[in-house]
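Could you have a look at this structure, given as structure tokens, before my questions?
Order of writing sets the labels: A, B, C, D and E. Residues in every chain begin at 1.
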Amino acid sequence: MYRKRKPHIGASPGTLAIPEGALPPSIRIMDYTPDRLDEQEMVAVSDLAAYLVSDSVTWIDVHGLGDEAVLRELAECFRLHSLLLEDVVHVPQRPKYETHEGHDLLITRMISQKEGGEIDWEQVSVIIGEHYVLTFQERAGDVLDPVRERIRRGKGPMRRSGPDYLAYAIVDTVIDAYYPVLERLGDHLEVVEEEVIANPSNATIGRIHRLKRELISFRRTIWPQRDAINALIRGDENHVTDPVRIYFRDSYDHCVQLMDVIESYREMAGGLLDIYLSSLSNRMNEIMKVLTILASIFIPLTFIAGIYGMNFDNMPELHAHYGYPLALLAMAFTAGG
Amino acid sequence: MYRKRKPHIGASPGTLAIPEGALPPSIRIMDYTPDRLDEQEMVAVSDLAAYLVSDSVTWIDVHGLGDEAVLRELAECFRLHSLLLEDVVHVPQRPKYETHEGHDLLITRMISQKEGGEIDWEQVSVIIGEHYVLTFQERAGDVLDPVRERIRRGKGPMRRSGPDYLAYAIVDTVIDAYYPVLERLGDHLEVVEEEVIANPSNATIGRIHRLKRELISFRRTIWPQRDAINALIRGDENHVTDPVRIYFRDSYDHCVQLMDVIESYREMAGGLLDIYLSSLSNRMNEIMKVLTILASIFIPLTFIAGIYGMNFDNMPELHAHYGYPLALLAMAFTAGG
Amino acid sequence: MYRKRKPHIGASPGTLAIPEGALPPSIRIMDYTPDRLDEQEMVAVSDLAAYLVSDSVTWIDVHGLGDEAVLRELAECFRLHSLLLEDVVHVPQRPKYETHEGHDLLITRMISQKEGGEIDWEQVSVIIGEHYVLTFQERAGDVLDPVRERIRRGKGPMRRSGPDYLAYAIVDTVIDAYYPVLERLGDHLEVVEEEVIANPSNATIGRIHRLKRELISFRRTIWPQRDAINALIRGDENHVTDPVRIYFRDSYDHCVQLMDVIESYREMAGGLLDIYLSSLSNRMNEIMKVLTILASIFIPLTFIAGIYGMNFDNMPELHAHYGYPLALLAMAFTAGG
Amino acid sequence: MYRKRKPHIGASPGTLAIPEGALPPSIRIMDYTPDRLDEQEMVAVSDLAAYLVSDSVTWIDVHGLGDEAVLRELAECFRLHSLLLEDVVHVPQRPKYETHEGHDLLITRMISQKEGGEIDWEQVSVIIGEHYVLTFQERAGDVLDPVRERIRRGKGPMRRSGPDYLAYAIVDTVIDAYYPVLERLGDHLEVVEEEVIANPSNATIGRIHRLKRELISFRRTIWPQRDAINALIRGDENHVTDPVRIYFRDSYDHCVQLMDVIESYREMAGGLLDIYLSSLSNRMNEIMKVLTILASIFIPLTFIAGIYGMNFDNMPELHAHYGYPLALLAMAFTAGG
Amino acid sequence: MYRKRKPHIGASPGTLAIPEGALPPSIRIMDYTPDRLDEQEMVAVSDLAAYLVSDSVTWIDVHGLGDEAVLRELAECFRLHSLLLEDVVHVPQRPKYETHEGHDLLITRMISQKEGGEIDWEQVSVIIGEHYVLTFQERAGDVLDPVRERIRRGKGPMRRSGPDYLAYAIVDTVIDAYYPVLERLGDHLEVVEEEVIANPSNATIGRIHRLKRELISFRRTIWPQRDAINALIRGDENHVTDPVRIYFRDSYDHCVQLMDVIESYREMAGGLLDIYLSSLSNRMNEIMKVLTILASIFIPLTFIAGIYGMNFDNMPELHAHYGYPLALLAMAFTAGG
């Protein structure tokens, strides 16, 4: 569930509610031109002003949202709207794109999967200005190291392009990270599919349900992300140049592909449920068949035995010499019938 | 269900039908400039004219819809269209936004949850004029005290802004109040989910049904509210200034988030039903399995016992010394099989 | 089902097929200005020409569609297109709005519910001209008496307004009449809901099915009516003035509210079916549980009794003094187990 | 299923694949002005040129698609695009509307129902030129005789209007013919509905399935037909004049009505399935109840009988004088319980 | 599932990941004017420059994507954007249409069905330039031989038209190849339908599930292909001339037809599931009926036999002369009842 924006109902739109257990912000910058790269960690907010004036591209990367004073200082430095700051701090927010005066905001959600298969979401807020990209992340550790590496290596278009290309590189990497997680989900779907067909058990329905829940949450994330990127591409007064728009169009295509895959998975998961329910009915039929066959054989037999267990004085069959074997024979015939 | 507008079919559009048991209107005003605040309760309608002329922002807050004369006086004072007055009085109405000459109407629905978890809806009609905001509520008691407190404190943009910002603050607070109720609904959904998986009973289906009903009614309320706010944002000839439009855009985003959450809940509630039905089938299978196993063991045994209970004269087994233990052994073997 | 337009396949578009058993048309007029009212029944078509020339507003109300000659005379008098005349005569038609030269056509469907709860639909075709409103109804008796009363009383805006306001009053009253019928449907839904939860029987599914059918037919009627009114509001070259457009907007809102209610009812009716089906499964489970418990207790007991009913010579238990009570005790233990 | 357009994959768009068993084309013309009518059968293609030059309206009606040479000659005479010719010949095609240079194409599907209730579809391709209408049908025999009769009679607007009105008359008659077939389908639906409620059998599900299939195929035909007529109405550079557009609007309304009816039928057919499934469950419940009641009565009784059939030496009850009647009484009490 | 675009998360957009086991590219060209045809296999990239300058139409057909160097050489020669090259190499991609500077890209998916019925997809990327069409295929062997044959024969519009017509011919042939595969799927659907109605077995549900999966994957392919062709038709700044647009409109119609067929199949497959589930319930009912009838007959009989197997001293019936036959008669009557 997305987060309610305010510490309490009716709070003023300027109020921040620092998430519990949030780490203090740590600022890292990469400032580059085609020719040089200046990389620094643990920068103070007061040192940022210099970078904003220069023509070089600066990536200000903020990890941790745990100190209101630092965040407000940042907001003042970059002239961020109080609502924008709230969207950044009050994680998780629905992915969206907004233009503001002097910069654009793109809220994305970054995925990472731990060893045990547990999925972990983190909000990455990307603010694109004229000479800078400002990103906010909930905590240290992200999937963006390849982007940093590309800036360091200085090959490819990265160092020669503006902050819009850097923003693209970040968003594209965030989307790239969905693929392996979704692939594993697809593998899991196939495992469950085989289980449903070959050996459905009581736990299967729970597995299908969990799969569906994960697919729902995936779709709820990628759908607005797609819309946000589309709004960015179609926006005509933002900080994205036409050549980079082609790159964002590519990111958009990836979101569409992911949606397609998720929809297919959802339809398949729905089909699994049908198979599961019909397998339950089938198994019931099997059980009942066994019972019925058993009953059809033994109930008449027991009845015959009952007859000859009666104590009437005058039962000629009982005294016949071959009465017993004949009765057994009659039973065998009945059972055969 | 929304209310039919008229006291009887075909009544003239000017006719009012005061809701039964409605309290007489009580008018409260807050009149403020950046420098001063004038707050009064139980104001007479005749005293309002003075506030409308002045440049200060005035919030006229009407509680109770129980006196037609007062309402008509108010309508005349603010030049409200007779249809607008009906929408205000004939609660509940579907949330909507309309521009009228001289003012705009936004109908919202305020939620409040009592101790026992019972949800209570109340219509708040917000009329935005050039220097005033006029709100109508069904009864005393609302979630808007934080807004009043912010006006009194005089910090933040509230006192420096116009009536459009005040209207935003009201609407935003109304929407804020949805979050905790929806959160509790989400908690309830999880409780039911656990129940369905661990221990489904006869009452579970009723609980799922009630959950779904509440989600339907929630959606029916938030969906038109979202559309109404969107219409307000896109309206180009209303009393909302551009800086405040950004704030309303934020309220719109919140409605979209709420819709997202509700849709997810609905899909999950639908999934719970599938699990419930399959658990019923599963339990049936279990029961039938028990019955079948029992029958498979004892029916043949009883048959064997029946055979040796027959009274044929000539049954050699009966007279054999070890007949009885051998028969018991045969039974044990059969049961084992 | 809507009616095929022609007496036979491929008939010329001018051909009329008078509905079987249709009554001969009876024309009633109300001709009014703010100052005077002229009301007449059983007017001849030839007398209508005079009213069309005058500036006063004239409501020509035709009941009964049973005489082709009169209808054609009317069509000629008001210059009605032959297709329009067909739509008027070949009831029922789907509600729709069309502009024609000199007048606009709005086809609506009027509801009335008899004592026994039976719903009765009737087509009301409203033709709005420059100085007149011409309505066609299938038979005498309608819900429009309050409109006539308002004209007679002469209060409110009715007598001071043009034919567009009269048309609004008619359409609004037709829509007003849906509310009580839908309310009763809602009550019925609640009754069925209680029945499903408390005491589902064989007839319940039939009741749910009938409810759904009625909701479908309701939706099929209101949906196009909403579209028709919307087309009327958006039409820029028709006989509706801007102030009256606000009133029609209100009628549109009512249609939207009704659609909302119907959709909610449909979702609930769908949910009832799920509850019903699960209650069937539940009851089956109960039945099977009873059977299985019974079988679990008595089948082993009968088996024990069977053993000691065997006639082996050498069964020491049979001759033991406490054999019988011990056997009974064994049975009691088994049953307890 | 619609037909693949080409004799083999990748054939040139000019290639025709004459349908197997297609009859050779037979051309019939009706050439008329308000004053005279010239009707001829078995016209040669070479004679058509004269008609195209004259100002009279000419309906060239081609039955049978079995001779490529004649079809190509026709195409050359009327300057038909090779793709248009393919659409005409490669029946069935999806209904559609296309403007071409010098003429417009409207592909419709004509229905006819044989005595046995079997539905028969046939493609009617209508090409509207400046002075002519050219129709292609798969075989002789159609529902268009009333149109021919109207031309012959010379009354009504037919003879005074252009080829666009003729095209309307043809399309309208094709649509008219859907009504009786759909009505019969509705009657059939009601029969099945009664069967499901009163006396559902094993064959019922098959009947519901066939009904749904027919409704699907109906919808697949009428939906694109509606779109095609709408495209014709909105097309601003075609051979349809404004007065005739009103007539086509009427045809469009009929398609919308038919879609409405079909959708209602589909929802009802879906509801029948639910009733059927619940009736299966109900019947199962009935069967199980019978079994369980039977078992509850007789299993305990049989057990009691078993007890007194035991052969213990020391069973005092056996020797009591009233032992037997008391045992029977005990059984009667048990059964009563 | 569509392929992730990059060799690893966050790789630079220029990076290529050659698919495993991909064959080295082999280039084949067909260069033609109305008068002459120059066809060559195994052309080196360096030889292509000459063809690009000339006015003749050149089809450069690349099979195999296994050599990054060659692909990059080609990209440089045709000035392909690095993202375009990625889309070409990283198969499979979702079908799409994009305009680039100097050329347009249309990604399609080619189907082929092997003897055993196995469906095989292959990506065909079509790049349309001013004088050339450049196609990339994953491997040798395709369905495009008829197109090559048509170029060689030199009849029809092929040799007289530009590269846009050639692109159309390729796309049209790719779409043509869907028809027979879909027809076979339809045949398979009918087989399963008969099986479900006549003789549903445990494996049937698996067959229905596989059918649905194939239909899902078909739809996922054709849907975006339709959109891509539509975008191409509506694009106003691409290399497609108006006369060829008519041909592409025809391809679009074919995609729409295919979608229609697939949707019908999907609805039918969904209906099959309902029939299957109801047949399971039906069979269960049959089994239970047998069991119940059997039990109803024999349980009372066995009870009667049990009564007369009791060992009470005082049972007068036992000593009656006709006791036994009367008891048998009583049993026969009971069974009859």
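FYI, a residue touches a chain if its C-beta (ideal position, glycine included) is under 8 Å from a C-beta of that chain, and two chains touch if they have at least 3 such contacts.
Quick caveat, the model's predicted, so the values are computed rather than measured.
Colleague: Supply the minimal count of touching-chain steps required to go from subunit A to subunit D.
Modeller: When the steps are counted carefully, the minimum from subunit A to subunit D is 2.
Colleague: Degrees of rotation, nearest 5, to put the Cα trace of subunit B on subunit D?
Modeller: C-alpha superposition angle, subunit B on subunit D: 145 degrees.
Colleague: Answer with same or different: of all residue numbers used at the interface between subunit C and subunit D, are over half used by both copies?
Modeller: Interface between subunit C and subunit D is built from largely different residues.
Colleague: Rounded to the nearest whole Å, what is the centre-to-centre distance of subunit A and subunit C, using the mean of the C-alpha atoms as each centre?
Modeller: Computed from C-alpha means, the inter-chain centre distance equals 43 Å.
Colleague: Would you kindly tell me how far, in whole Å, the mean C-alpha position of subunit C lies from that of subunit B?
Modeller: The mean C-alpha positions of subunit B and subunit C differ by 27 Å.
Colleague: If a residue has to touch 2 or more other chains to count, which residues of subunit B qualify?
Modeller: Answer for subunit B, listing residues that touch two or more other chains: 277, 281, 284, 288, 291, 295, 299, 302, 306, 309-311, 315.
Colleague: Is the chain-to-chain touch network here best called a line, a ring, a star, complete, or other?
Modeller: The chain contacts form a single closed ring, each chain touching exactly two others.
Colleague: Listed in ring order from subunit B, and going the way that reaches subunit C first, which chains are there?
Modeller: Sequence of chains in the ring starting at subunit B, next subunit C: B, C, D, E, A.
Colleague: What residues on subunit C touch subunit D, complex-wise?
Modeller: Of all residues in subunit C, those touching subunit D are 1-2, 4-6, 8-14, 81, 83, 93-94, 96, 98, 202, 205-206, 209, 212-213, 216-217, 220, 224, 273, 276-277, 280-281, 283-284, 287-288, 290-291, 294-295, 298-299, 301-302, 305-306, 308-311, 315, 317-324, 327-328.
Colleague: Which residues of subunit E touch subunit D in their complex?
Modeller: 143-147, 150, 155-158, 169, 172-173, 176-177, 179-180, 182-183, 186, 197, 246-247, 249-250, 253-254, 256-257, 260-261, 263-264, 267-268, 271, 274-275, 277-279, 281-282, 284-285, 288-289, 291-292, 295-296, 299-300, 302-303, 306-307, 309-315
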